[in-house]
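Below, each structure is written out as structure tokens.
What follows is chain A paired twice: with chain B in the first complex and chain C in the second.
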Partner chain A sequence: MPKKFDAIVVGAGMAGLAAAYKMSSEGLSVVVIERGDYPGAKNVMGGVLYRSMMEELIPEFWKEAPLQRPVVEQRFWMLDKQSVVTSGYKDESWAEEPYNCFTVFRGEFDRWFAKKCEEKGALIINETLVESCIVDDGKVIGVQTNRPEGDLYANVVVLADGVNSLLGKQLGFHREWEPQQVALAVMEELKLPEEVIEDRFNLEPGMGTTIELFGQGTMGMVGTAFIYTNKQHISIGVGALLSQIREKQVQPYQLLENLKQHPAVRPLVRGAEPVEYYAHLIPEGGYNSIPKLVSDGVVVVGDAAQLVNGIHREGSNMAMTSGRLAAEAVIHACNMGHFDRDALSSYENELNNSFVIKDLEKYKDASHLLESNPRYFNNYIPTANMALREMLTVDGVSKKQKQKKLTKSILGKNGLFTLGKDIYQMWKAVR
Partner chain B sequence: MGKKAKEVNVDDKLYLNRFKADEKSHLTIIDPEICRDKCTNKDCTVFCPAKVYEWRDGRIMVGFEGCLECGACRIACPHKNIEWSYPRGGYGVQFKLA
Partner chain C sequence: MHIVVCVKQVPDTTEVKIDPETNTLDRSSAPAIINPYDAHAVDEAVRLKEQHGGKVTIISMGPPGAVEVIKKCIELGADEGYLLSDRKFAGSDTLATSYILAKGIETICQDNPFQLIFCGKQAIDGDTAQVGPGIARRLLIPQLTYVNEVTAVDSAKEVITVHRKLDDGYEVVEAKMPCLITVEKEINQLRYSSLPNMLRAARYQPHMLNADELNADVTNMGLKGSPTSVAKIFAPEQRGEGEIIAGSNDETINQLIQKLSDQMAK
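Up next, the complex of A and B:
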């Protein structure tokens, strides 16, 4: 085994494996170092994998990859204490090739993806922790692992070490994250028979749905709850800004339990048996939190680069695209024989030109707006529930009178000006 | 949320997972006196999703064996008093699904 590689990838997640696959496909010698027993053992996500970005690496991967269900419907729920306003979109074309996205188990998918990398010649080393980067004269030249004589050297190190990114922090690419820059999410897998899932979620055999729940699921904290269907499991989870979880003195598992007990959720999960329990941080800082991405001999990808679009719950797609673009820059650098910051800078340029940075830039103020203005989650969602309750409860009160009551309640506390300002600011943040 | 939900015992949830516990903790309280004298709320005992931290007999007990390795305590300890690393390679929680 050669001790020096073209590239070392730290972390076998979506971003790291995407980079490894691309680089080894082009004949580079690549080693992936993973701290879990196997790729996926430490990887946690809600569960939606986007087809388009994966297909840029492996065309028609769905024919062989271990997937759960193609998502044919996305529902959005605005939850109040004992009621819910629902909306969503279902599309028959999402049930056919090439599909839009899938629910997956990372414990299965990442193992398969790593095997595909091995087929291309990459070396996957499991059960090994990278403790630091080896830096020489300001250049990253390798990594130090916890194994005896475990130093490895390469022309480029790809940091795909996830949201905590201790390695990026060591290199001074970012400071420690602040509690308002990350969401803390907890999740459970609940086991149910396939047909029961399909009946409860109104699905054709094999098809899947996602539900994002806003409002009471997070007790008004900035965040979302979610319910995704797998083949024989339901993923149910809830996440909110860590700063607010701390401030409100919330136990995350109690939040999850409250969600499961909500009258709109309870029938969906009735009788389901919990089989695994997770916690994970999600980068929420968006565009303003992106660390340094390129330096001499090193690039940063995926969650480690904070590439998550919280508003659209997209992350795995950004991970894959950033991994692929970083790989292309490394391949380019190999062809030139230079590995300094300039030689690798095409990664940053290509990322800036891709949907990844464009989307993050578009929403750069949205998360902060939701955080700093509690009315969106705490007033408007209950108000929407109240409005429908009023208009749909038949009790002999005239519609006109109900309307008056509604208007009064909507404007009552803050007045028309505040409402107008909130609508304008939200429009500005997401336009 | 309607009726008050039943209290959860997080141990019931952790019991579902497969853990390979190392002998040495990957989580260290840097200065126990800060927990005792300066920290009024003991936030970590509440927000940690695995209830790794418990306040007992005037000190924080660290049950690192059930850690889910999320990193929240490192970031949200109000006194930055937790030294946090990943468990050694091959140790810690090993997820099957997710």
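Up next, the complex of A and C:
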């Protein structure tokens, strides 16, 4: 038994397992420490897994991994109180190999992913909490767990310990997150027969859809709601910035109940049996919240590094990519025999050059803009609903007169200048 | 001292569901776990090993997936584990299972005779408590059932003293080793496994034995060797809703007496 490992990975989520898979594939001795009963037991996400980043680790994984449905359609709904403006995109080519993305249950998928890591030689230790990193002369040399004789040593520790990353905080890589840097999301699994799901969502057998809902779905708070189809379940959830949930004094379960009662959502979930309830924090601080990623003997990946693109609801893909890039840096460091900050710095460089940091940088002001300017959620979405209601309600009023009324109503509230400014700022934030 | 512990993989009965139409257990709905009594048996064996030296060997019969419970036993501190797995074992009742396990124990103890065999008092899926005593009978050794404390082990004299749980107390029993012990949960409090044991278990591959390797008579195994037949399985009917009688004491007592006498009259 080697006394010291090449790498210890803290946390068996997407990022940690991706790192463990890559490192053990290259022959490194790797141990993954997970506090849940099994990998995936404590992991929560809406449920969309992206094919491309997963395939960089395991080609054609969809042939054996436990997946729910390939996503063939993505819908976007803008909700007002009793109406909805819908748009979306459906593509037959997403129904065929190599697919675009899938819905998954993390409890199943992460377990399978961990098995693949074990096949490559990684050790997975469950039900074990890492309490702190062991630091010697400013360098991380191992971890201390809550088990008897629980100290473990390695050349590099990969922190994949999730959104709160208490270990990163202990090391001084970040401070306690502010409530506007995280979203609180709640979700439910609702059970329905397969055919009912396919009928309600207009799907071919086995295929899936996703709906992202803005506006009234979050009761006007900055956030999104979602509805994803699984084989025999619908995942429905809603998340909003913790700061706003606190300010409005909304209970998270009220958010979800409110969403399920919306006239556009109600028929989709009618008669479904709730089987699971989840709640989790999501990093929303984006580019500006990214903590220190590399130090002597340690790298930070996934949610622990706050790598989530809130605007495009992407997170698991960034987690996987960061885990893989961190692994490559560790492999490189092993070859050189040095594990200090310089030796591991290729992780940071590669991450900066990847879509992960580029996307986060692109949207670095978007969340903040949506939060600080309530008009996007509270005025423009209702206005879009109102405009379509006016134009599509046939009541004998001439279209020209309707247009006049619309223009007046849109400009009346804030004036042309404010509208122009808001459009410009949003364009600037996402361009 | 060589201690053998028999363990079983069972569905977690706190989560198992019953299909109301076919009256069968939906085993897929429940995760597989180590039978909780067996975990205490393993822990007790490991404690005795720590005091008296020796080796703890795990044996289980089950599908290939049952290697997971053997790995769990390694986490708890066991040294080796054997899984008896073969299609010929499928459908075994308690009689056939005790035969297969007894043959397995004889096989793995050929070069290292056992002094003690530990079992859980029963499995939580079948609740029969028959396999442990069956193994003792087949191996022609004494059995001590429902043990909640091991008070003394005299290796020189080869004598063990235990407390057996009774309905209204306990009895102190002494037996000559080798013997078989089935344990209650009170026998110990499970310890939190050490990290070295966790690492060892993560690496550990249990030994696999099939029917041919047991040097056993196949007519005593599986459905052929199982005289038990299940006539009917049913889920108990859901109890009706209770009723709360509110009001002052006198009123409610009278109402209650009225209701009870109505019930008796029916």
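Operating definition for what follows: the second predicted complex is superposed on the first by the 430 of 431 C-alpha atoms of A that agree within 3 Å, B and C clash if a C-alpha of one lies under 4 Å from a C-alpha of the other, contacts with A are read in each partner's own complex, and residues count from 1 in each chain.
Convention: contacts are C-beta pairs under 8 Å (C-beta built on N, C-alpha and C of every residue); 3 or more make two chains touch, one makes a residue touch a chain.
Here the structure is a predicted model, which means the values were calculated and not measured.
Enquirer: Could you check whether chain B and chain C clash or fit when both are placed on chain A?
Expert: Aligned on chain A, chain C fits beside chain B.
Enquirer: With both complexes overlaid on chain A, does A:31 touch chain B (first), chain C (second), both or neither?
Expert: A:31 sits against chain C, while chain B stays out of touch.
Enquirer: After the superposition on A, what does A:89 contact: first (chain B), second (chain C), both or neither?
Expert: So A:89 meets neither chain B nor chain C here.
Enquirer: Thinking of the overlay built on chain A, is A:424 touched by chain B (first), by chain C (second), by both, or by neither?
Expert: After superposing on A, A:424 lies clear of both chain B and chain C.
Enquirer: Examine A:128 and indicate which partner it touches, taking first as chain B and second as chain C; both and neither are also allowed.
Expert: Both chain B and chain C are touched by A:128.
Enquirer: Taking CA centres, what is the chain B/chain A/chain C angle in steps of 10 degrees?
Expert: The three centres form an angle at chain A of 60 degrees.
Enquirer: I want to verify the contact counts: of chain B and chain C, which reaches more residues of chain A?
Expert: Counted on chain A, the partner with more touching residues turns out to be B.
Enquirer: Which partner chains sit in contact with A:149 here, chain B, chain C, both or neither? Use first/second/both/neither.
Expert: Second partner only, chain C.
Enquirer: After the superposition, pull out the minimum Cα separation from chain B to chain C in whole angstrom, please.
Expert: 9
Enquirer: Which parts of chain A are touched by chain B and by chain C alike?
Expert: Touching chain B and chain C on chain A: residues 128, 145, 147.
Enquirer: Report the residues of chain B in contact with chain A in the complex, numbered from low to high.
Expert: By the definition above, chain B touches chain A via 1-3, 5-8, 10, 13-14, 16-17, 20, 41, 43, 46-47, 49-51, 68-72, 74-76, 78, 80, 85-90, 92-98.
Enquirer: Mind pulling up the chain A residues that touch chain C in the complex?
Expert: Counting only chain A, the residues touching chain C are 1, 31, 118, 123-125, 128, 145, 147-152.
Enquirer: Within their complex, state which residues of chain A touch chain B.
Expert: Its residues touching chain B are 35-38, 40-45, 47, 81-82, 105-108, 126-129, 145-147, 163-164, 166, 176-179, 182, 184, 186-189, 216, 233, 242-243, 245-246, 249-254, 256-263, 274-281.
Enquirer: Going by the contact rule at the top, pick out the chain C residues touching chain A in the complex.
Expert: So the residues of chain C in touch with chain A come to 192-196, 198-200, 202-203.
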